Amino acid sequence: MSVTASELLAVMGARELRDNTTVFTGVGAPMMASVLAQRSHAPGLTMMVEGGVIGPMWKPGELPISTNEMRAAYRAQALPGITDAFLLAQRGFFDVGFIGGAQIDRHGNLNTSAIGGYARPKVRLPGSGGANDIISLCREVMILTVHEKRRFTERVDFVTSPGYLEGGDARRRHGLLFGGVSRLITTLGIFGFDNEDHRMEVLALHPGCTLEQVREHTGFEVLVSPRLTTTKPPTDEELAILRMLDPARQFIG
Amino acid sequence: MTIAPREYDFEAARRRLEAKPKAAGPKLVSLEAAAALIKDGDHVAIGGCLYSRTPLALVWALLRRRPRHLTFSRNLMCYEGEWGMVAGAVDKVVTSWMGIGLPWGLSRIQREFVEAGRVEFEEWSHLGLGLRYRAAAMGVPFLPSLTMLGSGLMGVGGSRMVECPYTGARLHAVPALFPDVAIIHVQRADRLGNCQIDGYPHMDGDIARAASTVLVTAEEIVDEDEIRRHGDRTVIPGFTVDAVAHVPYGSYPHECYGAYDSEPEHFTTYVEAIQQRGAGGVADYLERYVYAPGSHAEYLALFGESRLARAAERGRMLTT
Amino acid sequence: MSVTASELLAVMGARELRDNTTVFTGVGAPMMASVLAQRSHAPGLTMMVEGGVIGPMWKPGELPISTNEMRAAYRAQALPGITDAFLLAQRGFFDVGFIGGAQIDRHGNLNTSAIGGYARPKVRLPGSGGANDIISLCREVMILTVHEKRRFTERVDFVTSPGYLEGGDARRRHGLLFGGVSRLITTLGIFGFDNEDHRMEVLALHPGCTLEQVREHTGFEVLVSPRLTTTKPPTDEELAILRMLDPARQFIG
Amino acid sequence: MTIAPREYDFEAARRRLEAKPKAAGPKLVSLEAAAALIKDGDHVAIGGCLYSRTPLALVWALLRRRPRHLTFSRNLMCYEGEWGMVAGAVDKVVTSWMGIGLPWGLSRIQREFVEAGRVEFEEWSHLGLGLRYRAAAMGVPFLPSLTMLGSGLMGVGGSRMVECPYTGARLHAVPALFPDVAIIHVQRADRLGNCQIDGYPHMDGDIARAASTVLVTAEEIVDEDEIRRHGDRTVIPGFTVDAVAHVPYGSYPHECYGAYDSEPEHFTTYVEAIQQRGAGGVADYLERYVYAPGSHAEYLALFGESRLARAAERGRMLTT
């Protein structure tokens, strides 16, 4: 089967989720990855969706576009409201926060606010939504994104959602006592952050992807793990589940 | 640095609330009479979230009055924010995110107005804005939080830090937001203003407690006895509410949990017009859907009964 | 009809409540007064009960003993929970807070914690319950109590619930920006507090009660209003409503 | 000045929570197995309020284990606090009020133990204690409030002030209370630990979020599907819960909204024994009702089926 970029992200993202954990998942690719994990190796995974939805069981063919709609709440275990949902994250109930792409820099900071100056931007972007909260409050955070040079930049124009900020212990200095970005999953590979300066480091490449491609599509120097590996391609089972969930290919492209 | 002291002045906000009568009396009015309680210059907090339980009928009735210098605040701002900008009604938008959803791309109207400095755009994180309303609902000027710390968002509204007097930890002191008006759409209300919400409550309970004036539309007005039979379902107590209007399909073409689904195809048509004609597309839409119909029933008639019925059928299907 | 002390307190308390207002009512006599007001001149009165009960319609013969039981919640309009109920008071939604007796001093401070030293008291009392919150947060507060010398003391042993503290602007100096005790309704009369020093002042005597009795049963000097009046005795209608509500005379004595 | 730093150390409390697995798996255990998760020295927050939805079965199972050095905290402490004192299980009580209710007078046990300094008694206002749990539920070390200001209660636990960085107002910084364990009784739960509460929720949603370990008894264990059909009724999400036991009449002879009424006459008998024999009256009661029965069913049998049935009948009558 040929694999779309969205399918690749969903599969690679899903594999990073462990069974019997909780995930606070943002809209788009993270949702697909989470629901795939739930339907495959992680039946004990509880999803929290930003609209204040805990533990839904989405209906195949009726996946949600937004985090705040009936499809997102389908067969939810609880619907505590938006603020209380995020407060559960602040309390520490979410093992993983899972958010989608944006402008990103070497320290995993995300910009979804403005390209160019903030006050009078060249391009005004939609804003944080819950991304800042998820990245600030979950125990660890994973980011799923298409790997494009315009997205991967030395320093984001504006820090909407803090990765490791200036690196090192900057998060803690700013009062972010918990969490941090553990994984970046792109269409080229899996990335982590080194333990000291928290700079982006490639841990694995997807089948057929090369370090040259990573360098070509990244606007800064990426560290390479001494234990660089290659991911396993999406399996037929994984793709079949995705296609069962999204028969109209509205989300998987 | 744009937060207005009026927004977090809890003492003044409380005095405004104390000055209001809190009668356990009937509050049923027409949609138009409810909207007439909003004054030029007001900060209007909009209930629901994105395209869910948006009080669109109230926005509709409000814009028909050609208001000026409003602030709109909302957790995730959907196209009602675009309407406010293009209609010339809104000077400032306070939100965490603006658009309709990923399939519809960036809001071209948001881009146009913000990039040209034609509207003040104040961005908070989703929880940040939620805690602003929550602080106000609790009657305090701020709430401590770990969110937004270290990010550029701290500088946007002018956020300050607070030190915990016990642990010494420094947290984000999220400033309260006491709106002048909250507009909310719910599934059920009684004549006393008690509101029951099915499904996700969004931030409606908080904005009802935070605002000086609370306007509600309801799919259904039920007998007080029905509310009292399930008092544990009441999300908004009647004494917080100033006016209730009976408006079936009061969020349409946005969704209302259990009652009707949203209309993504309608959103697509709306966005296509903007892609073709920019703000002119919105202006045409306002003309056709907001200013031209003589009543909310006429507005609904533009969609047609069978389309409304299908949305209701999908709404039932998605909640059973 | 002969009138019990509890009936007298309920009637005199009820009359102080205005129609179309909200009252946060404590357990005991204030509850009787509130429900009497609601059934007589104040049908537009909304009661909040400490257990997190808004706008109940109590069943005659089934009045609640505590604020946290089914009888208290009977036909409630809303049941927001205890903390959220008090937060509505903090926000300013309650015109009147209505609480019961205790040790009280000339500035309306209440002690329901301890007689004698606090740490190792001579008599340990039950504690604040919601009284401190009601007196701190409601727009104005009325106190209902039997008038006994042991209760009316120059200075309470411990300030469980702040009246005017040391008097004057002490409430504001301590950060209590709102409210204050407006009325004290006892078995002898109606009392207020003068505007400057906030000292207790008798405004009206119940029929058959005298200033001498007030002085005899009060452990400090009470000011006398220049416009001292006499209250009207409980009417047959008022007593009939009370007796309809409490046919077993469980609360009205 | 008695608040323990452990109670408001939000960072340590969060680390404890992070260390716990949050499986969406079955959590059904026996009443005894649930109680066994409470360790000597624990701070146990007790759900419900006064004689409403008290987790009496859990208290029963706990005391049978002869625990030591516990702290009991509760909004309004009913006679379970007396049991803890007389059983020698409780060193410290944190509450806003202790007793059963006006008709039963002062708690003679509270008087005896506090006046003699045999128990540490930490008093908060009702909201003050509610905000302590709320702060912990929100994951912050304190919440600002206007309550308790100026009163003697500020000195009891060692309350401090906080200055609002926007308005300059000085408010009470109510310190968080992160209990080790929360014990809660609800009407309905599923095997995943999702709990639904009918009627007043008291402070149970907050203590479930605040505590490191959460133990629940439920009148009824329902299928996960039934919870999912009305997800908007879930007050306590399953991932906050560690153990659920099926215990019908789990609050009896206290009330459980909609399920059964309390037994005021039983309270009177209990208090009369204390009036006659002081703490000995409680000790006898514990012997008869707590230690002697071999199971919770045997405990209920001491009341008799027809009495249980009448309480259930009154419970239905009072909620319909």
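A, B, C and D label the chains in the order they appear, each numbered from 1.
Just so it is clear, a contact is a pair of C-beta atoms (placed from the backbone, for glycine too) under 8 Å apart; a residue touches a chain by one contact, two chains touch by 3 or more.
Because the structure is predicted, anything quoted here is derived from the model rather than measured.
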Both-way neighbours, i.e. chains that touch subunit C and touch subunit B: D
Furthest chain, CA centroid comparison against subunit C: A
C-D or A-D - the one linked by more C-beta pairs in contact: C-D
Approximate Å spacing (C-alpha centroids) for the pair subunit A, subunit D: 39
Approximate Å spacing (C-alpha centroids) for the pair subunit A, subunit C: 56
Distance from subunit B to subunit A - Cα centre to Cα centre, in angstrom: 28
Touching two or more other chains - residue numbers and ranges from subunit C: 53, 73, 79, 87, 90, 137, 177-178
Residue numbers of subunit B (touch at least two other chains): 11, 139-140, 145-146, 161, 169, 171, 199-201, 229, 232
Touch-based graph of the chains, sorted into line, ring, star, complete or other: other
Chains touching one another, given as label pairs in label order: A-B, A-D, B-C, B-D, C-D
Sites on subunit C touched by subunit B in the complex: 19-22, 43-46, 53-55, 57, 73, 75-80, 87-88, 90-93, 95, 137, 139, 177-178
Parts of subunit B lying in touch with subunit C, wherever the complex brings them together: 11, 13-15, 17-18, 21-25, 136-140, 192, 194, 209, 224-225, 227-229, 231-232, 234, 237-240
Touching residues (chain side subunit A, partner subunit B) in the complex: 27-28, 50-53, 59, 62, 65-66, 68-71, 73-74, 79, 81-83, 86-87, 89-90, 113, 118-133, 136-137, 158-162, 165, 170-171, 174-178, 250
Subunit D residues touching subunit C - in the complex, by the definition given at the top: 49-52, 75-76, 95-99, 101-103, 106-107, 110-111, 114-115, 117, 121, 123-128, 130-131, 133-134, 145-153, 156, 161, 169-172, 199-203, 205-206, 255, 257-258, 261-262, 264, 315, 318-319
Residues on subunit B engaged by subunit D in the complex (per definition of touch): 5, 8-11, 139-146, 160-162, 164-167, 169, 171, 173, 175, 197-201, 229, 232, 320
